[in-house]
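Letters A, B, C and D name the chains as they come in the text, with residue numbers starting at 1 for each one.
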Amino acid sequence: MTQPLVLTLACADRPGITAQVTGFLFERGANILDAQQFNDRAANGGEDRFFMRVVFDPGSAAADDLRAGFAGLADSFGMEWKMAREDRPRRTLILVSKFDHCLVDLLYRYRTGELPIEIVGIVSNHPREAAIRVDIGAIPFHHIPVTPETKPQAEAAFRALADETDAELVVLARYMQVFSDEQSAHFAGRCINIHHSFLPGFKGAKPYHQAHARGVKIIGATAHFVTADLDEGPIIHQDVERITHADSPEDLVRKGRDIERRVLAEAVRLFAAERVLMNGNRTVVFRG
Amino acid sequence: MTQPLVLTLACADRPGITAQVTGFLFERGANILDAQQFNDRAANGGEDRFFMRVVFDPGSAAADDLRAGFAGLADSFGMEWKMAREDRPRRTLILVSKFDHCLVDLLYRYRTGELPIEIVGIVSNHPREAAIRVDIGAIPFHHIPVTPETKPQAEAAFRALADETDAELVVLARYMQVFSDEQSAHFAGRCINIHHSFLPGFKGAKPYHQAHARGVKIIGATAHFVTADLDEGPIIHQDVERITHADSPEDLVRKGRDIERRVLAEAVRLFAAERVLMNGNRTVVFRG
Amino acid sequence: MTQPLVLTLACADRPGITAQVTGFLFERGANILDAQQFNDRAANGGEDRFFMRVVFDPGSAAADDLRAGFAGLADSFGMEWKMAREDRPRRTLILVSKFDHCLVDLLYRYRTGELPIEIVGIVSNHPREAAIRVDIGAIPFHHIPVTPETKPQAEAAFRALADETDAELVVLARYMQVFSDEQSAHFAGRCINIHHSFLPGFKGAKPYHQAHARGVKIIGATAHFVTADLDEGPIIHQDVERITHADSPEDLVRKGRDIERRVLAEAVRLFAAERVLMNGNRTVVFRG
Amino acid sequence: MTQPLVLTLACADRPGITAQVTGFLFERGANILDAQQFNDRAANGGEDRFFMRVVFDPGSAAADDLRAGFAGLADSFGMEWKMAREDRPRRTLILVSKFDHCLVDLLYRYRTGELPIEIVGIVSNHPREAAIRVDIGAIPFHHIPVTPETKPQAEAAFRALADETDAELVVLARYMQVFSDEQSAHFAGRCINIHHSFLPGFKGAKPYHQAHARGVKIIGATAHFVTADLDEGPIIHQDVERITHADSPEDLVRKGRDIERRVLAEAVRLFAAERVLMNGNRTVVFRG
């Protein structure tokens, strides 16, 4: 079998999209291995939206020819679309500050081959000794300090790094600096943050302490796309755990680390497998 | 919009199935509303199997014409298939013995319109007073006693009832009689049982007492198709709950009632929505 | 064995409480069957708080004598406390509006003996036909209409009913009227509401529609004590369920009904078993 | 505050135990910080069993004096008991074969101070290069090869190592060698294994492949004490995750790694905090 390709697309809903997309592939000798679709009929009072993910064996067809051919069909439907090799590891930059549990977890999964990513760099606003207490092997580390005064330059430096490294994905793995609106817009749709609460509960700082003070019986974590609107970006994945009155804020922080790392890793896995599509301020997530 | 139809199919995997099925519908003016597929590449060392569920608006095409037309395509692929109105309530017979929590729950969901079924009868091996302590309204009740000696006749009586009522689905809602091999074969693929354990753990009798004796920390329930092989039928749905050392067997029975009723109701909902396809001794479940 | 008693207490933490309480019981020939305690060392920057629940067989001691004797010890520690027969069903009033899934569930559990309560009345702001579609047997029904103008009188009527019926617990089972501050204060610590969201997310009206609009991946429900501060009362129990992009607001409402009824039933069970103690705006929940 | 001590005990149930234990501590000036108890009234048809865990500030009393004094009380009740400093890290040996996800996880939690253990050695039946792909710092590594012929000597070598290192806890972190009956007996009550299935389902080899073949909809992992009866030891902790028909055996292995590591880490945390007591072939787990 040739290496499969994965096609993702989104457009206004119209009759015939599925048939035409699958027909296009069939005519060119491609064999569909997996296909999922979603018609969002509730899209904010506006028009219906259609989302699709198709994995296919291109057979003898060249990927570039398929892309060129599909462009015409895509234009006629006004699609946003992407056709990429399924097995291509997505080039990823990870940003951290001082908590390294999410980074350590991503590194472990990366090394076991569990995550279809290639980590092209680790960036911190703190020096390496302060930010990372584990072996990162040959992965380049970049210290980009951020102060209120130097924030624009720091963000420009990071954008330059993302360009140089051809980063397709930026992961904020408990990175404690807020992106400016400009930076958020620049990385729209390809920057994932982990927030240490079950959003929309407990936005802002110290969510575990907020959760303890409020006396909730379940805590959680949320992986979401970064947008200019802090803690309001489209949610990709969430998970929770039960707690009791006997859990101190420190217990919540400890339990939360487990939730955060598995929620972030799952969001990265889903994104890297082209399973996450933006739908306004929400997401469509095609699970296996 | 015309009432949507739902097409489900299973066959040996071959290139082009998706394209031909969706193309068939497109050419007849149907509009696909939802489509899911699954290629089972691990099917017991044998050949790959393909499964699909498509919901579509038939537009101006008549359902019978679509069925007639599809038959040819289906034959060429050797498909098992079904095309039915999505909104048609599936005709359902419920069997109970003396525990009525699952029955009560199904009745409530049926009355709220949450389950796309029509309950065409309730059957028990006990007299009505013993079996049911709630109002069943106009639903016919049938007392079919079973003894070791009369089991063949009792099963024949039930088969006759299923024929008369055109039952598409038979639900064993904590029915304490074991179907004979013949009866299991007769209702193959349309008879759902709820087993009060997280199978394959604790088969057989008194699973909660077994679970307590073994000291497990989580209990569960399993909805599965009935087969001649007791407690070994294809699993449709399972759920679990955490327990502690402080839970007595009676506590497990109480907690288990909650799990059983929601697992069975979900299995019935999935089946009635044509979301469950048999795959040998396993199932493919296309969730929304 | 004599019928066990359950002692619950809360006070400022001081050395020796556990020893003195258990010693008091031991000297009077009582045998402790279960005991749990919690020292809250994080109580809002103030003093530490101590909470305890003891179930004991009083042996030959009379409950009234034990209460009289314990009062002195309790005073010396400044305890809030209660000593009651464990098996005494708590007298309960249930309020409903038009959604009856929580009521139906409580009634079923009540009839099976699963909840240690006695339902002494059902109250609705709607007439019986509109509020209840199930058989409530001999349980008295009270229609207390509420309009903005008559709210004070309606609340007074309900207070009178609670007095007459000696209600120890008031359950708002999807009751759509907000209690006034006065009414909330009157029933402080013995009125449980079910909110159909995972608080503190989605306070206020139509939480499932809010959840859908925000695109969360998990929804939940919250049982809490009613206070003057709407949706801010001490949380007793919460539970959640995973959802996907494919769930419409109506799907969330359907899934939410299941969560709501089991969360409310569990909160009622815990309260009726004297397992819930207030701790400021939070709760201590001693599970089995 | 002096460093707290933790007292755990188990004995046949008799009136007065709680009162006498807490009275003993009170008289010596100790202050109880936390206390939990459990009366097992269902103990295998035999006599009732009593279990208790008390954390207390000894005040000015010396731990050794308290132990000496308590011995008399303990004898009179026939108690198995232990009184130890709560903050003392439990000396732990970890055994691994070739899968290192559990080891890596334990190491990370150990280094962050999340687990109250001191890792006094890592042992593998494979050479270091084969067994471990992460930095283990100053932790001693021991290669103890095992063949059918050398198993007795290998087990003796491990027992010697456990003696030398004063190991209180032995963790089988996906160690692929089965302990002999003798070895199991030697480490009874202080050796924890992680089994990669939700026991009692799928005992033996390749449980994820078994789970896939059976078509279950939920998989899990089980941490249990090692006994001579393989996969039958007292269960300490279990957790599960939902799967679908689309998950291949390899997906189950990947998802299972997450479950295994968090279940094992939690079992180690509970054990090291003296929260796990043996109760025949079951456990009593006093959570916080």
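As a working rule, a contact is a pair of C-beta atoms (placed from the backbone, for glycine too) under 8 Å apart; a residue touches a chain by one contact, two chains touch by 3 or more.
The model shown is predicted, which means the values in this text are computed figures rather than measured ones.
Among the other chains, the CA centroid farthest from that of chain B is the one of D. For the interfaces B-C and A-C, the C-beta contact count is higher for A-C.
Chain centres here are Cα averages; for chain B and chain C they lie 37 Å apart. Averaged C-alpha coordinates give centres for chain A and chain C that are 41 Å from one another. Across the assembly, chain B contributes 38, 244, 246, 287 as residues in contact with two or more other chains. Those residues of chain B that touch chain C in the complex are listed here as 101, 104, 108, 111-112, 114, 133-135, 244, 246-247, 251, 254, 257-258, 262, 287-288.
Looking at the complex, you find that chain C touches chain D at residues 15-20, 22-23, 25-26, 31-39, 242.
Residues of chain B touching chain D in their complex: 38, 40-42, 44, 198-202, 212-218, 220, 234-240, 244-246, 248-249, 279, 281-285, 287.
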